[in-house]
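My structure is below; once you've seen it, I'll send some questions.
Letters are used for the chains, namely A, B and C, taken in the order the chains are written, and counting of residues starts over at 1 for each.
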Amino acid sequence: MTRPLILNDDRLFPVEAGVRAVARRLYGLVKDLPIISPHGHTDPEWFATDASFGNATELLLAPDHYLYRMLYSQGIALEELGVPSKDGPSKADPREAWRVFAAHQHLFRGTPSAMWLAHVFSSVFGFEVALEASTADLYYDAINDKLATDVFRPRALFERFNIEALATTESPSDDLVHHRAIRASGWGGRVITAYRPDPVIDAEHEQFPEAMRRFAELSGQDVWSWKGYLAAHRIRRAAFAEMGATSTDHGHPTAATADLSASEAEALFKVIVSGAATPAQAELFRAQMLTEMAAMSLDDGLVMQIHPGSFRNHNARLFASHGRDKGADIPTGTDYVRALKPLLDRFGNETRLSVILFTLDETAYARELAPLAGHYPVLKLGPAWWFHDSPEGMRRFREQTTETAGFYNTVGFNDDTRAFLSIPARHDVARRVDCAFLARLVAEHRMAEDEAAELAVDLAYTLPKRAYKLDRAPASLAQSA
Amino acid sequence: MTRPLILNDDRLFPVEAGVRAVARRLYGLVKDLPIISPHGHTDPEWFATDASFGNATELLLAPDHYLYRMLYSQGIALEELGVPSKDGPSKADPREAWRVFAAHQHLFRGTPSAMWLAHVFSSVFGFEVALEASTADLYYDAINDKLATDVFRPRALFERFNIEALATTESPSDDLVHHRAIRASGWGGRVITAYRPDPVIDAEHEQFPEAMRRFAELSGQDVWSWKGYLAAHRIRRAAFAEMGATSTDHGHPTAATADLSASEAEALFKVIVSGAATPAQAELFRAQMLTEMAAMSLDDGLVMQIHPGSFRNHNARLFASHGRDKGADIPTGTDYVRALKPLLDRFGNETRLSVILFTLDETAYARELAPLAGHYPVLKLGPAWWFHDSPEGMRRFREQTTETAGFYNTVGFNDDTRAFLSIPARHDVARRVDCAFLARLVAEHRMAEDEAAELAVDLAYTLPKRAYKLDRAPASLAQSA
Amino acid sequence: MTRPLILNDDRLFPVEAGVRAVARRLYGLVKDLPIISPHGHTDPEWFATDASFGNATELLLAPDHYLYRMLYSQGIALEELGVPSKDGPSKADPREAWRVFAAHQHLFRGTPSAMWLAHVFSSVFGFEVALEASTADLYYDAINDKLATDVFRPRALFERFNIEALATTESPSDDLVHHRAIRASGWGGRVITAYRPDPVIDAEHEQFPEAMRRFAELSGQDVWSWKGYLAAHRIRRAAFAEMGATSTDHGHPTAATADLSASEAEALFKVIVSGAATPAQAELFRAQMLTEMAAMSLDDGLVMQIHPGSFRNHNARLFASHGRDKGADIPTGTDYVRALKPLLDRFGNETRLSVILFTLDETAYARELAPLAGHYPVLKLGPAWWFHDSPEGMRRFREQTTETAGFYNTVGFNDDTRAFLSIPARHDVARRVDCAFLARLVAEHRMAEDEAAELAVDLAYTLPKRAYKLDRAPASLAQSA
């Protein structure tokens, strides 16, 4: 007998009837607001070509490290799951991979993946029975059938999902061909890029030399000289802004910043491009570049995002066989107070610059991040990130940041995902959790309901739009106007 | 249309009817108990002169870094808010500053400041509409009118607030003239001092040289010799005890303690007074002085408070323009286990000494502080402090310390404030949060209600009185008896 | 008037009626399941000799550091409580010690000790009034009378407690005489040992030289040579497995692991046995031995437990007078991400090896442990440990690990206790807290009730049995079959 798949209307709301009633009212105000997705990892090619997605495994399982890392942790080989390795695409039969996935759904109990999947299966595909071993084929066939139809092509889904703006993330060494194609196509969906220069800033990144060569090519600069390198950043940032970018993004191992003199910076850069940098020099250069990027942001207005604290590619054997982004990135304790001081000493009091901080170290919420954002004009707090982008994680974020930083030093939700079909699910979870939190404050008489109502809309829609400057006319429209 | 200002009787209580009923009963036992305020930063001059307070901005906004740091974080200049700088008093019109504050009340949603302000506005001033742009002038005028009346003078408020004892905090280089005046006045309010020697212990403090000169003057000792310096501490501690002090207080960057030999300590002191101390030497001297202070406390009975872990004056530019205590102090990760060992090795098993530990690093609650206080006779835990002096912060404190340290290794509430008018509000929040926590334990059958009732009174009244030795006759009364 | 002692059937369940109903239903499924106790510190001699326990103080107070450290923290000398010192047994009259304990029950309010004691007093001894000063003698006499009866002898209690399997913990230098006696006795209770080699691995352990001598004796190896030392481990592990051991256990100050070359390891070992090891060398050797133990586990199938992060014997004076395990072990911040990398680089992807991680540093739950266990096949998470083996601690464990690691990378409950009579109480608390957590997920529509029902049974029974390989025929039975 199959189990039913039901999305209860009250999911994630507090149980007590009075609080739940408030949560329902608040959620009613935000559930149909357009989605602002100012930071994520969807592939712009999807929207450029608008080609149909492949099969269920290829779309939903093989690219989603949240899913396959959990299966891997229980002894299932990545090869069985359709995950590509350095040797190329998986040789697994996608239907077989899907069956393995279906048979292990119990592993996701209590995880956000279970909630996102249920939402995708129910709302996007219309299933009424749960995925399990006995329904694996039913799911696999039905999903593949639907994906072949026009209403499941990327642009149609984008519109159905009511997405008002969606940012992808590209490297300076990306030529933005897909973004150009989207714009040239005349399609009205607002898909923009964001400037993520890690591959040309992190000398320890395995793609650094190749990324630098492309960076030179695309910018037309001698990027192996300090002057040329900085000029190349300015040129590429402008090119990204032309493709709608309103932000940069920096994924560093730590939050370290530095403010070297021009001559010190140049000398350090020489070591970096020589290929002989020590780990400490590579770290110092990343730190210095955050401050350089802040300086450029002050000029060109791009909002700066810092995503620090992930120990990337922790599993050495898996990195060798499968490469990066395979679910083996592990958070580490992250200091902000000392790390950010050089940047803050220079730009902390600027009201025209905005730096959005993220963390994988929840201990920083109440101790460091909320006090910093609750003081420095330049700082805002990004939402609960990655492992913490979950009901309990989001609740802890609000409980631990609000009392010191308030709500208005936060920037609403980022889905931060490459799993395009789960975007509505993720925003829905965020909206529900925020409404649940606000409802408790109302029910405990810590806030009036009219204030909570205004806040619910601000958190779901107004703040992300304002924080990422998406309330302004897109650059390309402004230019053509 | 203005919004109403209502203090709901059930605010901060759990929502479920059964738990709320228990919370109400417990709160009913403590709501009218006198206030014990054993640690804070009110100005003794208020009670010495009993002069009327100035205007709303000067009293409520300009001195309260909780408020203006939040406004500053959103791009409002301190100058606009009436906050004095190193150049002198702000040139802002206080009414205009008040209007800016009124127009930005939404920034405080979900913060304890919002709750404290509502309590002050409603209970102290009797407002029935909320503060917002449209009521800014109404508030400003009404507050100023009331402040001009006798019932709003400091001593009248002290009595109206039902304060049984209030400790201020002074440096050894303070002559305690206001405390002497209070005593000489014959007024019955128990306002006492506390000994905070940071300015003569912290060689990195910008007031160190001047504080040492005053220390010498007031003690009559050669404070630049190690012997004279220690003697001066003993003399000033005795003078503070005469002005009612029952405690010392130490606000250090870390919780480091040291136990050097007499000759090592003397050699270190020579470096300190030479002005040539390295940061490590300054740190070691602070560490050593905690142990010296503990030794003196064993003799004179002053309870010792340690408030470690704040990175003071983090905003270099603001420190240069406005000086210290401007909302730019940021918590840092704080170790206690290794840091306190030298002091504990010497005094940890003393039953006649009491050291009250505070933290800005909540990760230490369950991991370090509760296990330490749940073992060492000398240690007690101070309440949730500063950024954590808030409903969620206090709840975390109880949830994370009680199971290991119990309630009786804690010391009740400290308001720790310079915002005199908010003292009843702060104690009320603490009492409500404690009653809410106890009510949950009762409702989950983890404690009987008669036990919770006894605890509610202990936490609100008995424990702070006992922990700070305020249940003994004041020293000056004892001497005159 | 005495106070009643009541174990409410709904204790520890959420208060809201709907959630409580779910919790009751889930708990109904698990409350009578047999107890699996795969890690603990009971004394095998009890089950070998089946002799009657002594008096109430000797059985319940004097060996329980949870209890006497709390009394000690409030200024009561250990000597008064019947706790033995290095000079021998306490000279306190056990009835007087019991009276002191009875008179201070309020200190345990809100602690798990209070819940465990209530359960023992009510369920095991049948008391209907609470322990307090006025009932001290009533308790003392009644307990002693019962302990003298056959139904209160160890084996009878073991059976009454419905324990299916119970692991004790022994050092390699223990000859396992009691375990052999248990097996020889023909009694059917499954009491097994576990291999805890700390005394022969930790060169800083005060018993290291003596433990090494016994290790040599029992293994017949030259344990002062690297080869002989490793061989001795293999021999003793096999002997432990014969006495039913399915696991090893490692209680190190940190989680550091190392993977030295054979020659480096041998050179380090020479320094270790020379007695001249520096603290850094002792640490490196402990780190290396975790990896060596993992290699042996891959061969012999023993599950590996790592219990890191306790600063043992923090109170120097108490250690000198009373020795180890006297309530003065304090948790410290513990890194896992870098510490475990050498071991994981070698064995992280093994599906035939199982390493169960514990922590005293709750900040690692969501940040490090859940991401590690949610990726590496070799890792599982042990339950909330020691100071965190409490209702709030267990709740935090589930809230902070489940969303990333799921439930199936955890291993159910360990009571980890030497307080034999409290074992049912401790498992009952764990089952209730897990059911309460699951009930909330069901009531918030984050999981279906049938899933929660399956999970409740898995957490209480199936997972510990499987994780510790107790679902296989005991080794000795298998051999005789």
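Some points to look at:
We adopt the following convention: contacts are C-beta pairs under 8 Å (C-beta built on N, C-alpha and C of every residue); 3 or more make two chains touch, one makes a residue touch a chain.
A quick map from chain label to UniProt name: A, B, C = Uronate isomerase.
Computed from a predicted structure; not experimentally measured.
Relative orientation of chain A (Uronate isomerase) with respect to chain C (Uronate isomerase) corresponds to a rotation of 120°, obtained by superposing CA atoms and rounded to a multiple of 5.
Under half of the residue numbers at the chain B (Uronate isomerase)-chain C (Uronate isomerase) interface are used by both copies of the sequence.
Chain geometry summary: the mean Cα position of chain B (Uronate isomerase) and that of chain C (Uronate isomerase) are 41 Å apart. In chain B (Uronate isomerase), the residues that reach two or more other chains under the touch definition are 14, 16, 333, 363.
Against chain A (Uronate isomerase), in their complex, chain C (Uronate isomerase) makes its touches with residues 14, 16, 18-19, 335, 337-338, 341, 344-345, 348-349, 351, 363, 366-368, 370-377, 379, 399-400, 402-409, 440-441, 443-448, 450-451, 454-455. Residues of chain A (Uronate isomerase) that touch chain C (Uronate isomerase) in their complex: 3, 8, 10-16, 69-70, 72-75, 106-112, 114-115, 311, 314-318, 327-333, 360-363, 387-388, 390-393.
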